[in-house]
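What follows is a pair of complexes built around chain A, which joins chain B in one and chain C in the other.
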Partner chain A sequence: MSSNELDSETKLMAVIGDEDTCVGFLLGGIGEVNEQRQSNFMVVERDSSAADIEACFKRFLAREDIAIIIINQVYADLIRATVDAHVLPLPTVLEIPSKQQEYDSNKDSILKRANQFEIPWRCSCIT
Partner chain B sequence: MTADNCETDRNGAAELLDSLYLDMFHLIEAHTNCRVDIERTNSNGAILLARTKFQQGGNSIGTAQIPTENSAEFNALCRVVKDSDTGNDVTVERLAVDKENGYVEPLHWFSVLPPMSLRNAADKFKKSIELVAESTNLQRELNAVLNGIDRLRRCAALK
Partner chain C sequence: MSGKDRLPIFPSRGAQMLMKARLAGAQKGHGLLKKKADALQMRFRMILGKIIETKTLMGDVMKEAAFSLAEAKFTSGDINQVVLQNVTKAQIKIRTKKDNVAGVTLPVFESYQDGADTYELAGLARGGQQLAKLKKNYQSAVKLLVELASLQTSFVTLDEVIKITNRRVNAIEHVIIPRIDRTLAYIISELDELEREEFYRLKKIQDKKREARQKADAKKAELLQQGIDVRQQANILDEGDDDVLF
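Now for the complex of A and B:
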């Protein structure tokens, strides 16, 4: 399978978030523990370190059965360099707000990338 | 290549770039609106979870009830599939509960008889999962547009 395209198989969503976010998405039915005892969710506790979050994020990135990684923006901020370094469309990394912090579009990796493109004066119809 | 041809190519590239920039702005707007919808839906779900905790006890809904990597294996009820209509987009496929084959009902991790507030919370998060799929499609489209702008600007030396 090409790493840039979704093949015909079904894939999973993974979630890295606070307790309410994980419980909520698991209630929605995305949770799975596979034969290798790998789960597709990580509840970030008070004693979880940025290194723990980063290790989990990299583990999810490496799994071929995961198509979408949902991460609370507050935890994405802790591993910003790793999140920004992932530019492939699959798995797609979605930063979502949490109870602690509302969504800030200025921090979102994809929108930060969009902001880097200045509009050149040669474009014909943009006034 | 004549000077006229060169000028025509440059104008064509500039028009294409205009079109890509407009797409980018529309996608940014849709992407941000979708995130706001996710935020609102998740907040409503969290309020219902809090109501359930209030009714059932503070420890009734939390990390202690959800499975761990040491739990028995189970399969996700909600999966991501390629949208057969559009080809590139993703959509959410929801499978039926089938305990014998590992498709378990998540509500039953928390309560044998789940209260209405917990059922409503689950519905909110199911809606949020649909929004996540929509947001994924927008983000992938935005990424493709940004790649297109980048390539075109390099080719046309408009930087």
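Now for the complex of A and C:
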């Protein structure tokens, strides 16, 4: 049932990031504001709190038409527990580096899970 | 789990056949599931490798994109607010397709361009070239991210399915098959017991019969000594056929 819906629907990408990141992706052409004036991007200002980001992240997770959520790693770190708690395949959460901060793969929720698998394999290879 | 954990079944030949069939079924299922788990695991490792590769590539692409944004800003001034305010419809959208690995459907994302560029006129006054480059850079970044997202979704889905499959394999291997084995052993021991009982019973009957015959013979001999010959007398109960069994 739901897989059939997947096929017919076209989905959007969402961005949570600093102003520059958002501007970049909007110029790339992923921005959309729907009839309810809900945008699929969130510009994190200097005075935005972690709660704001979390609320927005959850709102994006709940939206049916969003398949990919792009989030700056700095802000993903602020709401790490929420990001880690999201284990469903859809929507996918992608952590990207921001302009100020390098990308640290050790913090990425997915790669953390990936590393969990990596280690037992290596052990099994040795033994 | 105790050693007495077995299926509640009456020990009979029929039940034994049934259990044998179930054991064969369980072993077949175990083999198939194991194969499925292996196939998934293979795909999983491949995806894992690709994810790590793409993530590193993403760092470079994002860096380049951010740099071109700085370039564009340098030439055309602060365009942030213009861009943020003029959002209407998404130009790049995502289509989901499905890929099939050993019966598991993996969603695959595909980006496609739809509709006109909202920011066609941005940078008309100055810095148009830089803006065009910026757009191109971010579009390629989006493409890469979409690819990465597909990989990541596949990763999460496969992770889940592999866990379930392994759980099933282990359950069959360590719970279901031993239980059927124990049931079979129980049935066989019960059947053996019945057979021994039957054998003993038959032996006992033979003994009794022999005893009875000896007694009769002794009586006949005694009567013969007294002058009565009963050897040729027909028994009215004897119909002429010997005991079929003994």
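Just so it is clear, the second predicted complex is superposed on the first by the 111 of 127 C-alpha atoms of A that agree within 3 Å, B and C clash if a C-alpha of one lies under 4 Å from a C-alpha of the other, contacts with A are read in each partner's own complex, and residues count from 1 in each chain.
Heads up, the rule we're going with is that contacts are C-beta pairs under 8 Å (C-beta built on N, C-alpha and C of every residue); 3 or more make two chains touch, one makes a residue touch a chain.
Small disclaimer: the values here were computed from a predicted structure and weren't measured.
Once both complexes are superposed on chain A, the partners chain B and chain C clash.
In the superposed pair of complexes, A:S49 makes contact with neither chain B nor chain C.
By the touch criterion defined above, A:Q101 reaches neither chain B nor chain C. By the touch criterion defined above, A:Q38 lies against chain B but remains apart from chain C after alignment on the C-alpha atoms of chain A.
Shared interface residues of chain A, touching chain B in one complex and chain C in the other, are 6-7, 10-13, 19-33, 39-41, 43, 67-68, 70, 87, 89, 92, 94, 96-97, 99, 102-103, 105, 108, 110-111, 113-114, 117.
Across the complex, chain A is touched by residues 10-11, 14-15, 17-18, 21-22, 24, 28, 31-32, 35-36, 38-39, 42, 45-46, 49, 61-63, 65-82, 90, 93-94, 106-107, 109-110, 118, 121-122, 124-126, 128-129, 132-133, 135-136, 139-140, 142-144, 146, 149-150, 153, 158-159 of chain B. Residue ranges on chain C touching chain A, taken from their complex, read 44-45, 48, 51-52, 55-56, 58-59, 62-63, 65-66, 69, 79-80, 83-84, 87-98, 105, 107, 109, 113-114, 117-119, 122, 131, 134-135, 138-139, 141-142, 145-146, 148-149, 152-153, 155-157, 159-160. Interface residues of chain A facing chain B in the complex, by the touch rule stated above, are 6-8, 10-13, 19-35, 37-41, 43, 45, 67-68, 70, 87, 89, 92, 94, 96-97, 99, 102-103, 105, 108, 110-111, 113-114, 117, 119-120, 122-126.
Of all the residues in chain A, the ones that touch chain C in their complex are 3, 6-7, 9-13, 19-33, 39-41, 43, 67-68, 70, 87-90, 92-94, 96-97, 99, 102-103, 105, 108, 110-111, 113-114, 117-118, 121.
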